[in-house]
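Please see the structure below; I have some questions.
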Amino acid sequence: MNMTKHTFHETDEVLLRALQEDIGSGDVTALSLIEDGDMSEAVIIAKGDLVLAGLQFAERVFYLVDDRVAFRALKKEGSRIRKGEKIAKIRGKTGSLLSAERTALNILQRTSGIATLTREYVNAVKGFRVMITDTRKTAPGLRFFDKYAVRTGGGRNHRFGLYDGVLIKDNHIAAAGGIGKAVRRVRSGAHHLLKVEIETGSMSEVRDALKAGADVIMLDNMPEERMKKAVHLIRSTDGPVTIEASGGIDLNNVRRVAGTGVDLISVGALTHSAPAADLSLEFLSR
Amino acid sequence: MNMTKHTFHETDEVLLRALQEDIGSGDVTALSLIEDGDMSEAVIIAKGDLVLAGLQFAERVFYLVDDRVAFRALKKEGSRIRKGEKIAKIRGKTGSLLSAERTALNILQRTSGIATLTREYVNAVKGFRVMITDTRKTAPGLRFFDKYAVRTGGGRNHRFGLYDGVLIKDNHIAAAGGIGKAVRRVRSGAHHLLKVEIETGSMSEVRDALKAGADVIMLDNMPEERMKKAVHLIRSTDGPVTIEASGGIDLNNVRRVAGTGVDLISVGALTHSAPAADLSLEFLSR
Amino acid sequence: MNMTKHTFHETDEVLLRALQEDIGSGDVTALSLIEDGDMSEAVIIAKGDLVLAGLQFAERVFYLVDDRVAFRALKKEGSRIRKGEKIAKIRGKTGSLLSAERTALNILQRTSGIATLTREYVNAVKGFRVMITDTRKTAPGLRFFDKYAVRTGGGRNHRFGLYDGVLIKDNHIAAAGGIGKAVRRVRSGAHHLLKVEIETGSMSEVRDALKAGADVIMLDNMPEERMKKAVHLIRSTDGPVTIEASGGIDLNNVRRVAGTGVDLISVGALTHSAPAADLSLEFLSR
Amino acid sequence: MNMTKHTFHETDEVLLRALQEDIGSGDVTALSLIEDGDMSEAVIIAKGDLVLAGLQFAERVFYLVDDRVAFRALKKEGSRIRKGEKIAKIRGKTGSLLSAERTALNILQRTSGIATLTREYVNAVKGFRVMITDTRKTAPGLRFFDKYAVRTGGGRNHRFGLYDGVLIKDNHIAAAGGIGKAVRRVRSGAHHLLKVEIETGSMSEVRDALKAGADVIMLDNMPEERMKKAVHLIRSTDGPVTIEASGGIDLNNVRRVAGTGVDLISVGALTHSAPAADLSLEFLSR
Amino acid sequence: MNMTKHTFHETDEVLLRALQEDIGSGDVTALSLIEDGDMSEAVIIAKGDLVLAGLQFAERVFYLVDDRVAFRALKKEGSRIRKGEKIAKIRGKTGSLLSAERTALNILQRTSGIATLTREYVNAVKGFRVMITDTRKTAPGLRFFDKYAVRTGGGRNHRFGLYDGVLIKDNHIAAAGGIGKAVRRVRSGAHHLLKVEIETGSMSEVRDALKAGADVIMLDNMPEERMKKAVHLIRSTDGPVTIEASGGIDLNNVRRVAGTGVDLISVGALTHSAPAADLSLEFLSR
Amino acid sequence: MNMTKHTFHETDEVLLRALQEDIGSGDVTALSLIEDGDMSEAVIIAKGDLVLAGLQFAERVFYLVDDRVAFRALKKEGSRIRKGEKIAKIRGKTGSLLSAERTALNILQRTSGIATLTREYVNAVKGFRVMITDTRKTAPGLRFFDKYAVRTGGGRNHRFGLYDGVLIKDNHIAAAGGIGKAVRRVRSGAHHLLKVEIETGSMSEVRDALKAGADVIMLDNMPEERMKKAVHLIRSTDGPVTIEASGGIDLNNVRRVAGTGVDLISVGALTHSAPAADLSLEFLSR
């Protein structure tokens, strides 16, 4: 990612809060033990296989603790890292490295964990013209980081939030009094650069969505056979409707879902249940 | 948890940021479709088994979106919930419910996921006088929530951050020039209400830590046999030293670790790799 | 507007800053002169014709100064107000009314000024199926208010910012190396719920935009005749392309522009050059 | 203006909010289209005649987006710029220039618009020993910028807010129970470095203000003849009373008001109704 | 003080920061020991004689911790309290009272300490028409509270900061190139509602200040005899010049300084060296 | 102190607030009088004897006003300074020096005042193995600074707040239903790295505290004889209990308290009643 001051404005608020909750009124161990002039060198090492994502956030954490820390990336974002490989080399005051260590690893293990899981899904559908996308099921306050990790793992982002995309669900339709009314209202309320996606669960809902002129149709929690039929129906209609599969998709069934011919498969687990990547900071002996 | 204004001051910063990243300049779908006066009733439902934690945070999200939303908890914090059970009932403006839905579920699925995993570890060591504790490996900015979830799941908290507990590691000892020096320095630098914990990996390090007068000794990444020996050595010494096991502990080996006689077992996975609890908000039909 | 706690979160930051810059360390005149128990009643009065917008923001200012002030709206948002008409009645501590007065009027005179000018443009194109929209040319920090005022005046909003709509301009095309490449890149980078708008100035650019598959085509600063030709060309093509006219449009020529058959006319002046509505707060004699 | 870190502290809050409301979760067009290494050069050009004010704020916006952008001012603050003249040259990453463009122009067009209108009023009273001043009728949150623009246009500032100047109006007098009482109270409540100004509408009020010992007398909304009489009366009194004219003054009558002999003429329109200066950012061809 | 929402906006930032630095991640003693439903009653008691100031701030601290705490003032602001007297009665959750206790007392002991010392100075000059004022020598971030305490103790405030009063010192004069030039520049740069005060140390400086037309003359660090001469000289001149004595004034010499006939005596010690008032919170036995 | 970016994050919030409350909308005197290019040199001078503490905070204030100001420390933190000695030399824009002056001195006079008083207490107990510690009785929002000053003066810090140390008082014991219960609850509620201190006033409470297994016992407001007995009793017990004396200790009796054999003596006056150090900024003549 192209990190500019503006991006830092976005990330720093989170990273400073994370540092604050870890360091608080001071790292009592380091403050007592480490002399001010003491310098160290350390490396970030993979303790398991992973896809690297978010190294610039880890770097930023060290910078926010002490801007004289030197940080050198040894691996590229999005690259596959094997257990035991070194990811970055860091040099600076021992006290600064110790104070930043945990916060830097905490963000990096999360973003790399998400990228690693995303890569697995992307690999599982290799050969199909389908995109793996995330959802809005991210950790509170960390959406910017979580969505970046999905992209770095090879996935695509869905809408960022409720403000940059229209997605009409059951309850919207019920409240509006029918699908046609719902689409009309949204077309006149939302600005002209937003498409309209409609969530469907049954074939009759798919037909209604098509009739109402949806730009995108989501097939939510459909069994595989129904999904196939829905894709066939939509593709046989005039106009370029995008199809998204969603709900109950995991590594066991994602390839079969891809086989139904949908354009996008959205997976909540990417951001809410990815295990952390295993990483540690090791100090080089003096 | 006893939620007072002060607690809200702590949590609201995170929850408002989460709402902001989801709602941003406005929920375009709801703003276009839902009429201002439209009211709905909805329930939070478990879509899988789980231990409930953090319902008050979900309630707070609805309150922060619209303080006229009525929220009624149907289950207690820390209780075991079965798939299909209703957890809370919510009534208010349809637009408010839809705007708060995702953010409320995002926090609740995380805290309940952590509590659920913690409960598994606690159950796995049943019968032993040992405590399962968390670590500082939490999601950036969410430590308050993550640590609460661990307690609610039946675990204990380790130190909250670098500021409220002393933990001397290899690098501290190297920088201080020996373990004895390190402990002396920390005793004169830290205030008199903090104990001193020392991380050890070998029997000779355990002996050094005992000699240096550690209050707590951490056995880090030790094989089971060495751990047993270490516990034996420490227990045969004068003085009430607390013993913590740490590193590479999972649900497969946690009971064997407990069997070594340690006082605490700290598990990073509780907060960095707990899968989200499966929850949804369902609107009651009109 | 449906003001909920979330909306206040958005508006209060601006209104509190405005109060802070006006009141600072205290209203020295009122603090010295007005006794704490002194109560007053006052009305907001139109000193010229206007379209009312933002009365809830003015109310909020009084509330933020003193939550015991009673504020009663006498007119509806979006309604036409004649010179001399009373818009709201306010009762509370004299000191609170005096401290809030200027800040409340400052926001109300701006939003009503924008709504009033928007209404003039909307009336000028009556009879045509065309929408008047705003631009991103808003006062720094006040976009939420400015865009609300445009809607209240009868206009439509364009995209809120750079994040919720794609608009490809000359410089993007030059940097991407051609219009086709630019559209392809944006379709694979932006999420699937965003349409793509392309800015054009000549007939050949219009043709290129059509070929590249633009969802929306902006006719920027085109003379009327060329605009007509462009509309004709676009309408004679397959597919539902939306057409926006932009640049150099004022009350003198807006009706002729509407006559060319475009779908939207965007007008920067709505938010950057609308004269303030003339309003004052008058205290009722005791 | 001498911009130091302290000034930036004041301005950055507003400019960062403005950037945030424009860029939000990211400039989707630029992020998709522009490669990270792509560099551009651009100029800010006047599309109409104007008085330049606030170029350092525009520069700051580019800096806040990307601190490696090079910004070179070609014109001086307060100078008269002709249509077509270049005002500044900017070089940096294409993505950074595009992301900062609108926010930079939005502040510059406002401050230059205010300076331009102020200059017209100042020129209109050339030859008289009178000062054109602003009022507190500024855009919410932008008072620092608006007042700077008035000074740059050749005007003078009135008090900055309610905290740095005493101005007694009708309602204060009514609440205090008479003008004499009001002045006594304010002299004992406000600190000894603040003068006391009293608003008057009739000759009898002017006489009362003189008797009460006002340092400054405001003639509010007085017809020209009465204003002349009031000035005559005040000047014939002992002591150096400053006279301010206020209310209903525009470019048509400002010179006649100056002719009455007042010391200051305050004009609300300077900051609430100045049309934006017409400016654009043009990229130099590669 | 008339506490409105606006005042709270000013004070809460400081009080919440104070609570945050005291409570941080939680009151571990109270959280462990006190059951949620446990209620207590407590009183604030004077452990020494004092002048009460700032009780509303202490009340606010309890409110910010828990808005269900009931707080009843038993004494009035500015009143003289004898050792052993009860000042307020508080009832609420035991945990809330314990968490708020120290922060509430910390602010109250400071503001009452300042008021008590101020009262001593005011009493020391009884019989003279002179005012005791504070300076800008306040604790960082606490000026609002410190200046309130001075007023409550019977003193007067000097200017609040560098922005609401003009005070020309040696260095200003040197930089401006003479006192006449300095006054002229300031009269044309500052707005028309600010008076001009000049600091003087010698009789010749007093004469210069008079000639330059100072509104207020400060006699800084002058021996008593010179001060008398200076007062005599200034009083014998035409025009209402205010005289301030400043520098090296303490309780031993303040009455003699008052005897020289000055109008104001400013005392830095009021806010930088007042000993804390002795107060404690005592829980009523159950 | 080792000032890193993280430390500045802690201090800058307070120092910027202090600058804001002093400078506000601008230093009207300096802005009017001082030309932008005017440069000055100045020194911070001791006007009385003092122990220096917090010079880096004063330096930071100048930096926050203008990062081109050059600041050179002439004395070391913690060193004894005689009246008339120069402490630091500062060079930069005259306007910047004048705007920062008061805020820089305000923090420095407070921290040096605290260090000076602390040193007096430390010297008063010379020869005894006892530590002088602070309390939580600090100025609201300034605990970080106040506690740093105590350390610099030669004292030790007590717990920083309610979150990093357990101290059980009367009311806790009453609420818990006995001292044994209280200690048990706190040991199971607080994490394992925190010691438990119990406040006692009588010999029987001391005995209870010993029996309950306190790590630290506070002798609160005990007469000297009782204190001696308590120390004797505690020392004759098995186990390394730390003893703290607290309450009613001043420079007159502190040496006698030290003579009782306690380990720590905590003194509230260090931070709530230390008179400010006498310091001034003097400009070097040109």
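Observations on the structure shown:
Labels for the chains are A, B, C, D, E and F, by order of writing; each one numbers its residues from 1.
We take it that a residue touches a chain if its C-beta (ideal position, glycine included) is under 8 Å from a C-beta of that chain, and two chains touch if they have at least 3 such contacts.
This is a predicted model, so every value here is computed, not measured.
Common neighbours of chain A and chain C under the contact rule above are B, D, E, F. A repeat of the A-C interface exists among D-E, B-D or B-C; more than half of the contact pairs are identical by residue number at D-E. Here D-E and C-E were compared by C-beta pairs in contact; the pair with more is D-E. Superposition angle, chain B onto chain E, using Cα atoms only: 120 degrees, a multiple of 5 between 0 and 180. Using CA-based centroids throughout, the chain positioned farthest away from chain E is A. Centre to centre, using the average C-alpha position, chain B and chain F are separated by 34 Å. The centroid of the Cα atoms in chain C and the matching centroid in chain D are 22 Å apart. Taking each chain's centre as the average of its CA atoms, chain C and chain F sit 53 Å apart. Annotation for chain D: residues touching 2 or more other chains are 21, 23-25, 99, 144, 160-161, 163-167, 191, 194.
Shown here, the protein chains touch in all possible pairs. Looking at the complex, you find that chain E touches chain B at residues 16, 19-20, 23-26, 36, 63-67, 93, 95-96, 99.
Across the complex, chain D meets chain F through its residues 2, 4-6, 9, 144, 160-161, 163-164. If you check the complex, the residues on chain D that touch chain B are 21, 24-25.
Residues 13-15, 17-18, 21-35, 38, 40, 94, 98-99, 102-103, 105-107, 109-110, 113, 136-145, 160-168, 170-172, 174-176, 182, 185-186, 188-191, 194, 268-269, 272-273, 275-276, 283, 285-286 of chain B are the ones touching chain A in the complex.
Across the complex, chain B is touched by residues 133, 156-160, 163-167, 191-195, 197, 215-216, 242, 244, 263-264 of chain F.
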